[in-house]
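Labels run A, B, C and D following the written order; every chain starts at residue 1.
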Amino acid sequence: MASEQFQSCIEACYACAATCDNCAASCLQEEDVKMMARCIALDIDCAQICRLAAAYMARGSEMSTSLCQLCAEVCEACGNECAKHQMGHCQACAQACLRCAEECRRMSTAA
Amino acid sequence: MASEQFQSCIEACYACAATCDNCAASCLQEEDVKMMARCIALDIDCAQICRLAAAYMARGSEMSTSLCQLCAEVCEACGNECAKHQMGHCQACAQACLRCAEECRRMSTAA
Amino acid sequence: MASEQFQSCIEACYACAATCDNCAASCLQEEDVKMMARCIALDIDCAQICRLAAAYMARGSEMSTSLCQLCAEVCEACGNECAKHQMGHCQACAQACLRCAEECRRMSTAA
Amino acid sequence: MASEQFQSCIEACYACAATCDNCAASCLQEEDVKMMARCIALDIDCAQICRLAAAYMARGSEMSTSLCQLCAEVCEACGNECAKHQMGHCQACAQACLRCAEECRRMSTAA
């Protein structure tokens, strides 16, 4: 499988995407949604770029490295915002984002 | 996690997406690419709708059921095409598509 | 261009996606975000499936018809929700969704 | 509309995505598909990142600038590859990619 070398990064990206999507939907159900506005916005940004990074890697795209570098930045922005909120979905999302940022960083410097 | 009940279907969708993306890229490197044209086209279709289905489920979207039903159809079309080709990437893709079709079918009838 | 016959539907899908994305972000800035939760959720669903439908059509995918049929349903659900809210971004979104639903319906019955 | 300032860039992105998707599908129908492999791969990369950039801009995402910068690079890579091939779909795609690269470059330096 051409994408074997990226396997753990692809998995981290998809895990992060699922956690961000769940966090966005859960934030929308919170009592004080207004406080979660930036978290929701970054969750959607992050879920989408994680899916794109995974797609590029799985196809062995020549642009994978650059995309993973940017994906790491979005994951960090999202993870830092999530970390400010005490809800379980935000804390879980902060962790998934941090892990994905690390994988993307490693991938973009190794390639 | 709001999306816990969909967890195995989400994972099957993302696993299928990664396998389809890999299959598309591998088909493009085959000696006889022309023979793989429909496989490549369906791989891309399938990877994209699998990612969308996973996103809908992880957000607990009210449209998840309908989308998973259609996703199952695309997975079957892609899996059946892949099954015709003897390359490892096509055989692996046929299996991932079949598994994802089953998960999506179960999800869309259970919901 | 293989996708010429779908041109007006592709354009309606992308216009709808942009309007839904804008509506989601604008709803997140409203004073009473809680009231907009379902609108935001459907905006994201709708923007994503519109982009996928446009991609399928532009590639002349054999699954375009089925996807446009479902896309029309999501557009209607989103448009009906948006129509309930008086803000300009919601009213504009309701119109774009309705127009896209019509185009997708026409496309899926004509094909 | 919050995304008005990005309107021409959003439109260029979606126009580029549609042209790339069409080019990918048309390349797959060419007699010598093998020669088109890199063009097809970059077409898919480019269509996907253009859609993501358009989504980010329409939502007024804080990460729009960085994404548009990368999108410009992918558009250039794709446009340069397309420009090598004489088919109408490749020449049209080269033009759409170049135009989108310019819009994204302008957007990412202006912001």
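The definition used in the following text is that contacts are C-beta pairs under 8 Å (C-beta built on N, C-alpha and C of every residue); 3 or more make two chains touch, one makes a residue touch a chain.
Please read all numbers here as calculations on a predicted model, not as lab measurements.
Think of each touching pair as a link: the shortest run of links from chain A to chain C has 1 of them. Rounded to whole angstrom units, the spacing between the C-alpha centres of chain C and chain D is 21. In whole angstrom, the spacing between the mean C-alpha positions of chain A and chain D is 23. In chain B, the residues that reach two or more other chains under the touch definition are 24-25, 29, 41, 44, 55, 59, 61. Chain contacts in this assembly form a complete graph, since each chain touches every other chain.
Against chain C, in their complex, chain A makes its touches with residues 24-25, 28-29, 31, 33-34, 37, 40-41, 44. Residues of chain A touching chain D in their complex: 41-42, 44-45, 48-49, 52, 55-56, 59, 61-63, 66-67, 70, 73-74, 77. Every residue of chain A that touches chain B in the complex is listed here, in rising order: 1-3, 10, 14, 17-19, 21-22, 24-26, 29, 47, 51, 54-55, 58-61, 89, 92.
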